[in-house]
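Two complexes come next, and they have one chain in common, subunit A, joined by subunit B in the first and subunit C in the second.
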Partner chain A sequence: MLKMVFSTIMLLPMTWFSKNNMIWINLTTHGLIISLIPLLFFNQTNSNLINCSAHLSSDPLTTPLLMLTAWLLPLMIMASQYHLHNESPSRKKLYLSMMIFLQISLIMTFMATELILFYILFETTLIPTLIIITRWGIQAERLNAGTYFLFYTLTGSLPLLIMLLYIYNDLGSLNIMFLTLTAQKLTSTWSHNLLWLACMMAFMVKMPLYGLHLWLPKAHVEAPIAGSMVLAAVLLKLGGYGMMRLTPILDPLTEYMAYPFLMLSLWGMIMTSSICLRQTDLKSLIAYSSVSHMALVIVASLIQTPWSFTGAIILMIAHGLTSSMLFCLANSNYERTHSRIMMLSRGLQTLLPLMAFWWFMANLTNLALPPTINLMGELLVVTTSFSWSHITIMFTGLNMLITALYSLHMYITTQRGPLTHHITNIKPSFTRENMLMFMHLSPIILLSLNPSIIMGLTP
Partner chain B sequence: VAHAGRTVGRLGEGDWDGKVSEIKKKIKSILPGTSCDLLPDTSHLPPEHSDVVIVGGGVLGLSVAYWLKKLESRRGGIRVLVVEQDYTYSQASTGLSVGGICQQFSLPENIQLSLFSASFLRNINEYLAVTSAPPLDLRFNPSGYLLLASEKDAAAMESNVKVQKQEGAKVCLMSPDQLRNKFPWINTEGVALASYGMENEGWFDPWCLLQGLRQKVESMGVFFCQGEVTRFVSSSQRMLTTDDEMVILKRIHEVHVKMDHSLEYQPVECAIVINAAGAWSAQIAALAGIGKGPPGTLQGTKLPVEPRKRYVYVWHCPQGPGLETPLVADTSGAYFRREGLGSNYLGGRSPTEEEEPDPANLEVDHDFFQEKVWPHLALRVPAFETLKVQTAWAGYYDYNTFDQNGVVGPHPLVVNMYFATGFSGHGLQQAPGVGRAVAEMILEGSFQTIDLSPFLFNRFYLGEKTQENNIM
Partner chain C sequence: MSFSNYKSSRLAALPSTLDPAEYDTSPETRRAQAERLATRARLKREYLLQYNNPSRRGLIENPALLRRTYARTTNVYPNFRPTPKNSLMGALFGIGPLIFLYSRCK
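== the complex of A and B ==
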């Protein structure tokens, strides 16, 4: 495990000591090399953790998310090259150091064996994200966005800390393996209900749940591209991961405590998808679509069947890659036209046909086209929620319909139709951008061929 | 120990005490309880980002803003910023305008624009309704226009009237006898033919339209800012045309808006810039680099709009024409109309090329009235021999020196600058139609309702004049 953590920590001195023209090359290359390491963890024959050390380990739930995080760092670095190229070298290096610091915290969060270590690193991820949003964001509203993001997450996670300390006092250890073995069944008293709530709220805010999602559109829209990518792809999955780690100790309260959150998620799915139909701002549309997809993950995590956990994990990986790809596409549009409005940049297929292909694939995976892993995840979640209650099929089915509607609307508005006059002289697509899209898309396609490696705890 | 501190200072390690006090000040400013001015207050500046920046807040600029907001398919879709350099509109053509609207043009597009404007003005309270404000009273006086033609212009007037009738304007031709019958105060010496607009023509209060547009546009969410556009930051790219010629296409991505009476400026990131600056449009175009090139090429074609000063005089004449008097445009170019109910009239005359006054300021030349306007008025309306001038003012025409018609649509080289200017005296009456045309061009890519392609910028380079013959 140290081979991952130390290599990522060492990226920090590499940033500061590199020559100015070698920063990007060095970091991208080494980031890609580091991303090969989680591949070693994929071959797990039983459901024991790959116990690399007493503090950091990796099990079939962690490994796909770890792979996603490690794969995303070189992609974030590639995506940030354009908007940082006018800044002074030390500010560039500062930005990259923030990203690397975030990466270190994320890797250790996913690999933590002990829940307190997980919590500390969970909170640590907030700081570099906040700095990236508020200092390098685009508009004046970014301060508001940063404040929303920070305080929503902090307020949600403070009760979690108290509960973790209480459970530690009670059980003696918060190691994940021990928890699954020694957890006692909770009784349905007020204090245990509050314990359930306190543990879950942090992750509900992070996912985000429909009623607590106000921070997400703001943070996503105001963040620079790397911030949006990491927020959409990884930070939201921290919530799902945390929920799946904590639910073994919260049995059997989840059966009835989860009802309000399940209702909110099912309703919120449709609400946020409908908001997407009305959006004019491209980044805002993708942000609301993230809320909608994550609502499915919340439903899956709260139903707690083996299939639903599998569906949740697959959906998390698939959505991470798709959402990040959509943000990169929106950003490439923004860098050229300096506007995030969809209707001011229409008919791009005639100008940039290859980029139109990436747009097409991203929108297809967003609407969960078979046989991509997006569909696998959604199908598993829909099936399990149907078996939990027949009525949920109305919500999930309607959500799939509306998702298809707004994804196709986004594609048709930006790519098809007559070209607008004022975008006839945009720069053609860079190789870097095409590479970025390819690197987002190829894992999705390859995983569609063998999704069993990301299927999680059940074989 | 106290000596050690000073020794360190003398060793040239810098002002340690100064640094410490700076750090202390910084910590104090962050602590709660003190006012935190780490970020400067920018509430008076325009926003840092706006999708569309409209340079010029007169009736044309506001009309474009209104139609952009009205035709966007989702509410709150486009962020529009209107930059106006003078909130008092002291020199803007809109407020100083005579306020007439007529359909008696020779170009079909002009007629269609005025027809649409007439229907817009009639239904103005449906278009510009704001829930918290009282309905608008445009004081539209539908008295019509009366254009008089001498022998040599009679044939042109007849063909013009034919075109106007084809387009749907309600115009009729009158012989000198019919004129004398209808308007007993007129002296038909030298008049061979007259055309009289019977419906949808007259005059109205331009301030009311401006304020109505302003209110409505603000309620639709458009940002306003008082400032001057001093710079466009653009990026250019060399591209090859289909004939393998090299062109440099520019794209404006930032507008620097300078605040009044200060050096402060705000760079506004934008996707589209609309030049609706009226008499100052040429300066704005020059800032964007239009016209910087060898003359005779597309790069060297400047925007041929310049400010021309026109005088308007108000006089009192108790024996003058009655309440049904239309706006009369004489064969000599002089015009007049009634103003209110108290025997006041206003009018003027376009000077010839040699008599053009200096547009540096808006000072009125009263001798011009005495020598150039009064004789013609007195000839046409004998009652005006005893008039008494009460007041006068001057305003600018955004005069298109090429063909006296407006410039609408995008520039071929600076691809995201759209024009809505150069209407040479009939901008006010065509503003609603032009605003809609520009908004359609931006949102749909082509003119949908009224086809204004004869008004595109290309004609200056290609030399194709769309001449309008009935300019006053």
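== the complex of A and C ==
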């Protein structure tokens, strides 16, 4: 564990002291080496925590997310090379420092043993993300986007702080291992209902839940590529992770308190998927598809059966990789046409055939094609929600249909059909871009061969 | 001879030479048609100038497309006003299913 945290902290001096032409090489290489370390955590024979220290630990719920986070840093660095190449070296280094700072907070968030440490780092991840969005985004709407992002998340998470302090006072410790052992069952009094709400709202905003999702399309669209990647892949999963940590202690109330959120998620899946069909902006489409997939994770986390937790974890990992890959693809289009409008970059298969292959694979995994892990996750979630209540299959089934529709719509619009005649400057795909897509896709394929390592607490 | 029996259909518009309204139009209509033709021709000339310019390195910006995209994505809420149709759609698709689901799943 120290191998990871200290190495990532040391990436910061390496950024600032590297020679200007060696920054990217150094950071990408060292990021890739650091990403090999969570692989050591995967060999767990039981669901006890691998206790790395008094404050940081790693258990089967955490490890896949940790692996995702660590894997994503070199990918973010590779993706940002193009849009930063005209900036001054100190600005480049500042951007990379923001990403590394975010990475440190994320690694420690996923490994935190105490919930208060988790909360502090949860809030800490907001700051570098805000800086990345508002300073390096491209349009004027990024300020609005940053404001929405920051204040939605903060408003949701302040009640969580109060509740965590109250629970700490009550139980004596917020260590994850002790939490289930010392927690007392909640009664259905008004104050306990508010406790449940306060604990869950932070993660509902982060996931995001359908009614509170307004920050997500703005933040994803206005962020630069690394910001979009990390937002879609990891920061949304913080919400899911938090929910899965807190639901064991919120036990009997969840049966009836979860209904509004379940309804919002079930209907929200369909609404956001349908909105995807009407989007002109490519990044906005991918952002709304993130909301739709995360709604499935919310449904799974609130039902609280073992299979649904497994489905939620697999879906989180799969969606992280897929969404990040889609954002990288959208960014490769953006770098060439400087516009996010889907119609402007159509018919690309004739020009960039290898990139068409990556688009194809990304859209197939997005629509949860068997045997990818996306399907594993969605199948488990659909099955468990069906066993919870028969009517949910209408919504989850319809959602899978509409997901397939908009994924194929995205693919056909950008790849098939005639080329736009007036765009003459589409550069061929860089090796860096192909490498990026391959590095996104290969974990998905490898994990499809052995999904038991990401199946979480109950394999 | 009377006008032909050609009727327009969904995919084939009536050509202007078969449209009886083409032959007795007023000067104002003619002037409006000329203005529209002038605008179209000006836009087409600008487009063709950029399209055939050998030293052009990027895409041709279409201001109408940009305005439309901006209006569809970012400018929706400032121009929103609750109307009966809007409120009905919101209640039907936004709140109705939640209540329906809640009653079914309870």
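Everything below uses one rule, namely that the second predicted complex is superposed on the first by the 457 of 459 C-alpha atoms of A that agree within 3 Å, B and C clash if a C-alpha of one lies under 4 Å from a C-alpha of the other, contacts with A are read in each partner's own complex, and residues count from 1 in each chain.
By our rule, a contact is a pair of C-beta atoms (placed from the backbone, for glycine too) under 8 Å apart; a residue touches a chain by one contact, two chains touch by 3 or more.
Since this is a predicted model, take the numbers as computed values, not measurements.
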Side-by-side fit of subunit B and subunit C on subunit A, or clash: clash
First (subunit B), second (subunit C), both or neither touched by A:Pro370: neither
First (subunit B), second (subunit C), both or neither touched by A:Ile138: first
Which superposed partner A:Thr280 touches (first subunit B, second subunit C, both, neither): both
Touched partner set for A:Pro252, first subunit B, second subunit C, both or neither: neither
Partner chain(s) touched by A:Pro353 [first = subunit B, second = subunit C, both, neither]: neither
Which superposed partner A:His338 touches (first subunit B, second subunit C, both, neither): both
Which of subunit B and subunit C A:Gly397 touches, first, second, both or neither: neither
Partner chain in contact with A:Gly172 - subunit B first, subunit C second, else both or neither: neither
Touching partner for A:His422 - first (subunit B), second (subunit C), both, neither: both
Colliding region between subunit B and subunit C, picked from 7-15, 61-69 or 97-105 after the shared-chain fit: 61-69
Where subunit A meets both subunit C and subunit B, residue numbers: 280, 337-339, 341, 343-344, 420-425
Contacting residues of subunit A [partner subunit C, same complex]: 141, 259-260, 262-264, 266-267, 271, 280-281, 284, 337-339, 341, 343-344, 389, 391-392, 395, 420-425
List of subunit B residues in touch with subunit A within their complex: 39, 42, 47-49, 51, 72-74, 76-79, 236-237, 239, 249-251, 253-254, 269-272, 410, 415-416, 418, 441-443, 445-446
Complex contact set, residues of subunit C against subunit A: 47, 50-51, 56-60, 65, 68-69, 72-74, 93-94, 97-98, 101-102, 104-106
Complex contacts: residues of subunit A adjacent to subunit B: 138-140, 143, 278-280, 337-339, 341, 343-347, 418-427
